[in-house]
């Protein structure tokens, strides 16, 4: 075989393995009888390992710099043929790698975390199915297959969020998640249809060269609606925090690393389709999401909610980067974010898991996830503390960590951009970075460091099968992921020089943010509500502090309120309106439409009664009526 | 003297006319024989029941039917007998055949219940048949009036044949209403005679007289004459007697009333309307009048039957509605529509006798009003199956010939609309069809109660006379649906001088 | 194998029904076995038919044509009706669906105990009538089978139904009869003006002849070339409108749909399965086989109306489904919404739209069978179908929960199931068509969201949350699916999945038909 | 000669009076009388119209046959009325109305 | 001639009105007899003497006699003379006058002048012509009438025969 042919063969084979392995794990865990349910986690993790191997082979063969496209006919519809195939380019390769690795780690982690769960088989089936569909999105070459995987991902997230069915809020959250995704899907379908109507095909590579004759902006906005729903952007972000009701490994995999990233990946994939005006909308939405996410993260107490809002804000950053055209930078940030955010979630999961066991053994019951009841875990859970700090640092963009490099890449792109619009964006970006650092530090401080005295008794460290993935992810958030030189982001993934000013500014922001957060947390033994913490920090009397904190406080409480009352309100209102409208329509259906039918029936029987009144039984009246009938007939005919 | 010279030629001419009078003579002989038998056999004289007269009646009617069937093919173009009063064409002989078979079936139906004065009963029924024969053939006013009265008078007596209280009241009502309408008709006929000068309605002189005298009086005279025919057909203005008399008379007689006098009235009405429209030149649009009567009759008949709880009264209204459908054939008044009307008449007759047969079967088992049918469907599925087939045929739902009949009637109407393009035909088309839906409502009440309501059923065995008769009738209904061209082949020979 | 496959397919159940009359009433097992045996043989026959059909072109196959009767109508020429059966891309899948659903219904009628003899005889007659109307290509023969379905259905609902069964069965009968009266009027107009190619004198019921305009008596009422006006509107438009309303009542379109929920709620499970899976398709089939091809010009000019009614049905059906408290009523209204897609696909007059419509008919047939069986499972156990009386069922009925998930998500159009493929094709067609306005297609997409809303809401209320059963039912009654029910659900779920992943299996047959249909509609006439 | 209108007026009045008697009288036999009157009115018409063409006798012949038929009707009518009378002990049609719309 | 007509016409109409207003049924029957005789007179005046004779013989002689028998029978059971009350005056007069007015206006306006005028040379026809006509041209109605009479006889006998001895209580 010519070298090129066998590389092609290897790529196709590898991608097949990558795709089918998770599916196989899902099916396998469904088939394993209930008695051997402990076996399920092993087989699933093994299959995911196979998938990781496949991904490595795929990436090595495909190489990072050329795009390969293979497709076979799927079905012919109305003459023109709909094909199904795979498109492997740099971003797809990287995403495959990220998804498979994180998924494998989460599988391992869940083996420990979900050990005692009754329906563990259903959990692993859905986890496998999710990975399969996620890889489907990454690899598929045409929008129709991408849309199919897009919806299936939504479905599997619905099943995973609602895994613990008895919890009413879990059911509510899963339904809300699916509904939001569904509304996004409407946008996707509308976009698809416009594309099909104008370009006649779904194939991405062909679409790149096709113009949509003036429908670009509408198509782009439709697709952006879908992306916003999937990656929890501004209008449709409220489902992500609620989705925390699901098991933590699920949040780690789906709501940190992969699914929410799918939107960003799609945005990258069809970036060519977005005209400039659409890009401005994207940037604006991205920035707004970033800000609200970060501010909201400050206002919450539940670990997972804080991490969820941080994901929302990080995604906002990636969308802003894409909006500004920094495709490589956004993808890099996506890559790094996947690792450190998954790490954070797994660490949080570890905490929750252990404290649950402690609760069960000691009989005390309190909300494990609320940071106000936690504290002083530093000595009790050293490994978790270390992983938490590593990933938290990466999240906050501390130098020497991958977060810093990817944020710097975006920042430098923003600063090099022309026009005042990019300046404002840069400023907001920095503000978000600042807030990220503040809430991360606050989180770490209150969970691990504050009120040392709290006695936890002997808290068993989480089993190795959970610690290993945390450690891997912790290491993966260091700088070597991006490039050997901790301060430059050009490495194996992308090239580009960080402008000097960008690095300097980001370091300055990091230092000031650390200082402020250290200052105001030191005094408080327990974290109080956001406005409380921020507003009465009487130490921070310098103007910059006051200038920033009050608006941010208001902003965050505002967001919480908006979040609770308006967006959810709108949604609940919409749902409520739907139900009342449905009842009105139901009523119309019963009375009016049925009414007409019954009216006709009554009219007929009334007419019958009228005719029968002549049958009075009296013969002479019969003759009289007959005579009158004749007279009437003649009169009628005469006139 | 001129008169004497003509005498031998006239006598010879009468002898010639008698040749074509076969079926009527057979019926006449039947009546005489039955009466004699009634006197001779002692048991009959005492008025108690026996079945020999019924058998004689059966033989007579079937024989008459056979003769007119045999004479079907070489029928010449309607020849006028007895000084032009009688026209022996295929149109009338087709109706004669139906009436004879109806008579035969009436005798079969009345085989079961022991009836008082059996021989008189058979004589009266045979005379009804004879009257119907004469009426369907008669063109002369005298013969119309005479044969109409013959049918009516015998019907008055037959109506009271249950000899119960309701029988007496039924016959009284029938008599008073019948005589009044006969008098009205006679008055109309006399006026027509005055206007046209000739008493033979199909003669050229009558038609010229009509054309020469276009005036309001002609309309009134025509309507008064029409009243008598409508009475016989139980069509709208003159339908009031039907429910009460149907309720009073015994079941076989009711079956007879619903078919024989109606078809005879239809025949004479068709001839009258044909003559009155005088090849289309007459100013008065008789077709529109008949059309109006048809539609009003159908709607009134269907609607009145909706809330009916007595099976016989419901069938009375149903027969009123069906006569409306028959009138549609007259309203369209093309050669096609008359043939389709004949087909409809045949199917109506079969379906009606099937339903009446089974109503009698259930009446003998004590089921009188419709609610009494509750639950009988389960215990006697075969009988109800056949009854259902009959009712469905009356409604006009496909597997039975009723559908083809209605289809053809409306095709005739549609076709007449295409030729003449006068829009009143459309006014008949839509209500006529929608009435099928109303009709369904009450025709399905009996099976609805029988099958859907649960009650204590009626013990039944399957191999009974009625079921056998029912099977034959149902097979004819289904056969007519699947092979209508067999019957239509016969009917197509009915030619009409329009 | 003899070439009269279709005749055998239709008259085998009739023969069996006749045979069943002689089996004594108390041997109920015999009837069940007889019914299943007949359906089995029909299944084999269908497979043979599919094998022998195998055509790429959209033309007719397995044709059987004998002279039924011909009435000579004197001066006016003669009327010829033929026993004309044939199958093409449209009717073969529907016949296969019918046989399959009949087998499933046969299995699910195992629990019927009241009046078993009558029940199975009527089921066999219904079986014959449905297949007959799919295969008939002669208007009168079609009308015979079309009406022949009403009576068994009337008695099946009326005798074996729920509490308000009489009201429901009478309402069903009256609605459909009005529809068939309207259709009859159009048929009369058709055969009066249509004629056999060649001599104008012999009028015909044959659909194939009436399709092309040359076969019409010049100057007759419905002659495509002549313009015959009734009340200012061309007669052909009136005829199309009559046919459209007649068939729309059968495919419940919104203004005429109120009989469907009553009939479904009161009918026993197997009967409502047949009613939903098959009888609704007759309406769609009638439009695609008779109304559109015979009056292409009128169809095109009135397509916007068809599309509008389609979209209204989608939205209205979804909303009323959301408001319904009874599970079966919810499923019934969802059928109304799904059949709205069929109308929309048809109205788009594009190849994707039409094949989408046919695909939707087949897929809806399979999915709605599953839905009604699901409702049946609950009803058989607790005689109570109110949604709010149950919650947390997933815990005690896991297998049932999996089946419900598959059915509900297939019904709301999750990719990987046949519903999705059908909806996508209908949308592609609707968006691409220049006959109906783009806004119709966009509003139709809203239907997707509504669909998801009421299905998820039901799942959440019935299956998630704490296990609690209100009303008369009690938790121990709610046992999980037994073997018989599993045997029913497995093939259905499999088919929905297969048709979702490999649509080409079905599209091989539907596409040529759609191509021919669209070219007739736009190109021809 | 006597103009035809006289005959017609006479027969019309007789016919109307007969009709009134039939409707107004509360005794079956009286109704019978009214019916006989109406038949006579028709007879007058027939005989009068026959004068127009005396050579043919169809008018008078028709009148004779009408008389015969009227006789038969009277006979049967009285028999029925007497039977009803025996059963209902009254001859007033108004009170004999058991058969009516229930 | 014309005067005779007017006399007979007056007798007929007066006796008809008499029936309408008669208090006692018996008087009504007698009035009917007078009316029949009046009508017979009119026949005689219009050269239809055969019809007049049949009228007197059958109508006056036969029908009125039966009716009187009928009246006697009904009166006998209840013992009181059958008083004849009237009712529904309004509807009866409405129908009667309506018909009369309608018909008479038509006749008066009606154009009967053309050829319906009675021929001047009308003279009494030989009765034997009736005989011949009856037996030749009108043979069928003649036989039919015969059969009708027979059937009426049978019918009336059947109704009369079921006297109260069996079914009717």
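Letters are used for the chains, namely A, B, C, D and E, taken in the order the chains are written, and counting of residues starts over at 1 for each.
The criterion applied here is as follows: a residue touches a chain if its C-beta (ideal position, glycine included) is under 8 Å from a C-beta of that chain, and two chains touch if they have at least 3 such contacts.
Note that the coordinates shown come from a computational prediction; the quantities given were computed from them, not determined experimentally.
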Required steps from chain C to chain E (each step between touching chains, minimum): 2
Set of chains adjacent to chain A and to chain B: C, D, E
Nearest-to-centre chain - CA centroid comparison: C
Chain located farthest away, centre of chain B as origin (C-alpha): A
Furthest chain, CA centroid comparison against chain D: A
By number of C-beta contact pairs, the top two chains: D-E
Rounded Å distance, chain B centre to chain C centre (Cα mean): 44
Centre distance in Å when chain C and chain D are each reduced to the mean of their C-alpha atoms: 65
Where chain D and chain E are represented by their mean Cα positions, the distance between them in whole Å: 6
Whole-Å gap between the CA centroids of chain A and chain D: 100
For chain E, residues that touch 2 or more chains besides their own: 88, 91-92, 95, 99, 102-103, 107, 110, 112, 115-116, 129, 138, 141, 145, 148, 152, 155-156, 159, 162, 168
Numbers and ranges of chain A residues touching at least 2 other chains: 612, 615, 617, 619-620, 623-624, 627, 634
Chain pairs in mutual contact under the definition given at the outset: A-B, A-C, A-D, A-E, B-C, B-D, B-E, D-E
Chain D-facing residues of chain E, complex: 1-2, 5, 9, 12-13, 16-17, 19-20, 25, 28-29, 32, 35-36, 39, 42-43, 45-48, 50-51, 54-55, 58-59, 62-63, 66-67, 69-71, 73-74, 77-78, 82, 84-89, 91-93, 95-97, 99-100, 103-104, 107-108, 110, 112, 115-122, 125, 129-130, 133-134, 138, 141, 145, 148-149, 152-153, 155-156, 159-160, 162-164, 168
In the complex, chain A residues that touch chain D: 612-613, 615-620, 623-624, 627
Of all residues in chain E, those that touch chain A in their complex: 88, 91-92, 95, 98-99, 102
Contact set on chain D toward chain E in their complex: 1-10, 12-21, 23-27, 29-30, 32-34, 36-37, 40, 43-44, 47-54, 57, 60-61, 63-65, 67-76, 78-83, 85-87, 89, 91, 94
Chain D residues touching chain B - in the complex, by the definition given at the top: 4, 8, 11, 15, 18, 22, 28, 31-32, 35, 38-39, 41-43, 45-46, 48-49, 52-53, 58-59, 61-62, 65-66, 69, 72-73, 76-77, 80-81, 83-84, 86-88, 93, 96-102
